[in-house]
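The two complexes that follow have chain A in common; it is paired with chain B in the first and with chain C in the second.
For the complex of A and B:
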């Protein structure tokens, strides 16, 4: 919303006040650039590409999380389980489908198999989201709105517990994974070999985020979603069906998480608690940029991925969860509403 | 004349007893149940070793629920790093009591002493957590505690020289004995102590201040309550007892791994008990923990072909209660008592 100042009138004083106003963003951006350069020097292009792949996925997961929080005020703890469901659905559709496609020998079918599996996972995620919203959140929402954020949070905690253990119960604790989606040699890019799967995963993340963005910005329903996130009562006054919008939002978020779970199946095998690490990182992202900030989540995804990569490179793989957590604790203490200082309706009531 | 006088005297004696029981934080019914619980493992069906083990787990969970509810039910901040604090106490105590020479540090102190060191350590971290969450409310405080828990667990996983990391360490036991009965009395004593201390705290003016802060921090501050003091005090005390219980865990099971002890899902188990028991009552979680552990364990041992079913039931119960009956068991108890009383009054 900042009005563009002509370059000629931009004095150094203006610049200073601007930096002062957005101090957390500036600090984080400067740090990210330094980290990016360091990672680039130490790890070279493969590491940088790794940052982009994981960053895209964290961004995709975090947009769902931010959307659910912004529109429905639900701090979603079971988001990782949507990821898990996506991984499972993709595994169970891809394996038999690929077998069949290989037997037909058609190149087109073999190449479109993974995409179909990922789409199936996304659809299954959407359906799961609708079921969860209708069974769990709608009754609570209709009963009372008092202490909503905390209650919703604990409900999602219980939900995650049910989904994880229900999966263990029905499918067992075994790992189910595939070595790769595309059985083709890795591409060479600036002296680094990059698996095709990673490129496809990044492309899917970009396409999904892009279409979500387009949907929220350009369509009538998307505008209705944004209206609800700004002011529920006002949205109701102009005739927006709140129940429909909230179910849709939840289903979209679950669907995108399932898509990311499906497209990362070659990295994260499907097992009941697979969603935990992605959940942590998605939460780091939303806490970094501020709860409910959808646009910021895209930016934040890459920063968190960068932090993760840097920790891996300079400190060690096993510290991956400790260092980003410590940084996020710092962010929470210094800037509780995130580096963009986002204001979400209803957050102060709790 | 005489008989009425003795009756009067009896009445006052009984009332004196009741008021004494109340002054240490129990109702007569609760104390009676506790005494039954204490002598229970001496009689046949309950004297089998596996049942005593269930009772120990029940008491352990009950004590955790009390310490958890002290924060969640009164100042309304869900301490999502509770299990990590407990694990911190367990590991500290385990390390100080360690005699295994291949670890970095092996002072081999007496476990009866080291559980207090573990409790103090957890209390210290709880103090820091209390200070960190001062500016935050609700979800932010919960997430901060959660992140701290993840960080602590990662730390324990990585300091392999002290903790052997994911391989797990084996602390010495309190007493070298094949039967579980002594341990039952240890955890029962701890449970009663924790309950009485916390109950006396919440019943005093401090408890009132907690509730005020939990409902509306700004209003509490406006009426002259210093939230800083009370928040930090609450967190410290809750974490201290969590650490103490962790010490018990370490020297009872004799085996510690980060993922079975400090994982977020462990916090969720305690949270479920505290919520099913009823928020802000302390005794709700305590009472419900025992039948619950029996129910869950019976389910687990009878349905070995279905691993995880008991945990699914856990989650379903928690979600159902939170949606449809947020008052939990203690709310139900008060409702039932009020119903019975009004029924007798009508007659």
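For the complex of A and C:
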């Protein structure tokens, strides 16, 4: 008994210092839980589910941004175009495929169609990521790392212009969309009706984030990605091929963005500038939690979605972008490096 | 095993090394000593592939490595423990060590080496779940050396392991290096602590203003007038 008492006080002291060290995170978490409960009381299950669907998607997009910024120090402003490409690929694979599957009449094929389209979009995104990294960023990286962040930023903006206008040129500015992926009635859930598409989108977001998380934490290559984001020189010294890791990271980020574009096709449709809103919100998430912080990006995605829903519910739809922006200004004043306060390594050296 | 032939090296327009030639034979423990700014670290960084040579050649086991990227050089069996340590500060000690064996394919060999390292540095085993960035200076140096050993290198380049360490920790680090040499690892050591370094190494090169000015067996160097005046303060 005598040995237990000091140990117990030690852990409580430990807990207090931990809370103190991570004050912004704790404050935001407590605030979010309260908000979540309030939204639940006021809006009921449909609103809560809405938070989860949008949150999952913002989280998925923001994870890609955080990865690209953390590992390659690229402020990626063409991330929305990966979303756009995903939406288009999914549209162009799903529409003919669905027609064919409907003609066969096989239930299994009809149900797996959307999943296949989303997977195709993800793969196309990965390939696009490899191409972009190889022909745009790798040559610059090999030439000089001086002024890298600014140069990379300008490159992504240029890339965004090319992709948006290239799409307009080839496919036209028209909206291409589908009313829904799954032509089945909405499911009843705690007295609310929720479209199957939304459930599938959420499941895809969760599975993608989960596998990305597992990949980064538990596999050798994932560990190497984290190593590069923490110390590039150290990574080279242990035999990690920087080019390979950076191309892989970019490809993963583009692929996940394409997946979210594809799985939200029924909400956003496909048109050349569809990526703008998701891009803004993904950036909003990473600025809120701290650039380059993957775990934070997941958390932040849900907070932003919650904020959106709460604004809509308590203040009004027209305030939807005012309140989040006000919160962002507040965060930048109080915790300039984001609520997780992560410092991005590698920037100082450049 | 390692041979530098008339190596010129430096950063952009600033040449640091001029016509440096040195050899390290298999199993040897060789020191590279010299004043601040002489180019000792640049020599090691050039061999490790972090700095591109401007002229001359670097041979490792008879093969030229001057144009190879750093990760290939590391995979060939040269392990560079840098002065800045370059640890992965947000990862645990264990993860850092496993990354040290990144190029080792077999999982079993990795774990065997890990066990061996923990035996050699019990301190690291005690702290295996601690984040590398939260450890003390001495422990971090140990970790950097241990990480360098995880790939089972044939040649280790160790840069200023005693920098900023208290004397008894310096002693620990040096005895760890000696243990490695006994196991057949070849080491090229850069050090400021000239007295202790000459006591433990076989041979030494003296680098001044980017040029090798003297070399020979460590014991002879210790008796040399120039070395005594310039480095040992006798």
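As a convention for this text, the second predicted complex is superposed on the first by the 330 of 350 C-alpha atoms of A that agree within 3 Å, B and C clash if a C-alpha of one lies under 4 Å from a C-alpha of the other, contacts with A are read in each partner's own complex, and residues count from 1 in each chain.
We adopt the following convention: contacts are C-beta pairs under 8 Å (C-beta built on N, C-alpha and C of every residue); 3 or more make two chains touch, one makes a residue touch a chain.
A quick note: this is a predicted structure, and the numbers were derived from the prediction, not measured.
**Student:** A:293 in the overlay: touching chain B, chain C, both, or neither? Say first, second, both or neither.
**Tutor:** neither
**Student:** Just chain B (first), just chain C (second), both, or neither: which does A:231 touch?
**Tutor:** After superposing on A, A:231 lies in contact with chain C but is clear of chain B.
**Student:** In the overlaid three-chain picture, which partner chain does A:223 touch, first (chain B) or second (chain C), both, or neither?
**Tutor:** second
**Student:** Looking at A:161, would you say it contacts chain B, chain C, both, or neither? Reply first, second, both or neither.
**Tutor:** A:161 sits against chain B, while chain C stays out of touch.
**Student:** Who contacts more of chain A, chain B or chain C?
**Tutor:** Counting contacted residues of chain A, the larger count belongs to B.
**Student:** Report for A:242: first if it touches chain B alone, second if chain C alone, otherwise both or neither.
**Tutor:** second
**Student:** Per the contact definition in the header, classify A:90: touching chain B only (first), chain C only (second), both, or neither.
**Tutor:** Neither partner.
**Student:** Once the shared chain is lined up, is A:149 touching chain B (first), chain C (second), both, or neither of them?
**Tutor:** In the superposition, A:149 contacts chain B only.
**Student:** Which parts of chain A are touched by chain B and by chain C alike?
**Tutor:** No residue sits in both footprints.
**Student:** Of all residues in chain A, which touch chain C in the complex?
**Tutor:** Going through chain A, the ones touching chain C are 220, 223-224, 226-227, 230-231, 233-242, 345.
**Student:** Considering the complex alone, what residue numbers of chain B touch chain A?
**Tutor:** Residue positions touching the partner: 76, 78, 132, 135-140, 142-144, 147-148, 150-151, 153-155, 157-158, 265, 268, 271-272, 275, 306-309, 311-312, 314-316, 318-319, 322-324, 326.
**Student:** Going by the contact rule set out above, which residues of chain A touch chain B in the complex?
**Tutor:** Residue positions touching the partner: 75, 136, 139-140, 143, 149-151, 153-155, 157-159, 161-162, 164-166, 168-169, 172-173, 280, 283, 287, 291, 316, 318-319, 321-322, 325-326, 328-329, 332-333, 336, 347, 350.
**Student:** For the complex, give me every residue of chain C touching chain A.
**Tutor:** Spelled out, the residues of chain C in touch with chain A are 48-50, 69-71, 74-75, 79-80, 82, 84-91, 95, 98-103, 147-148, 150-151.
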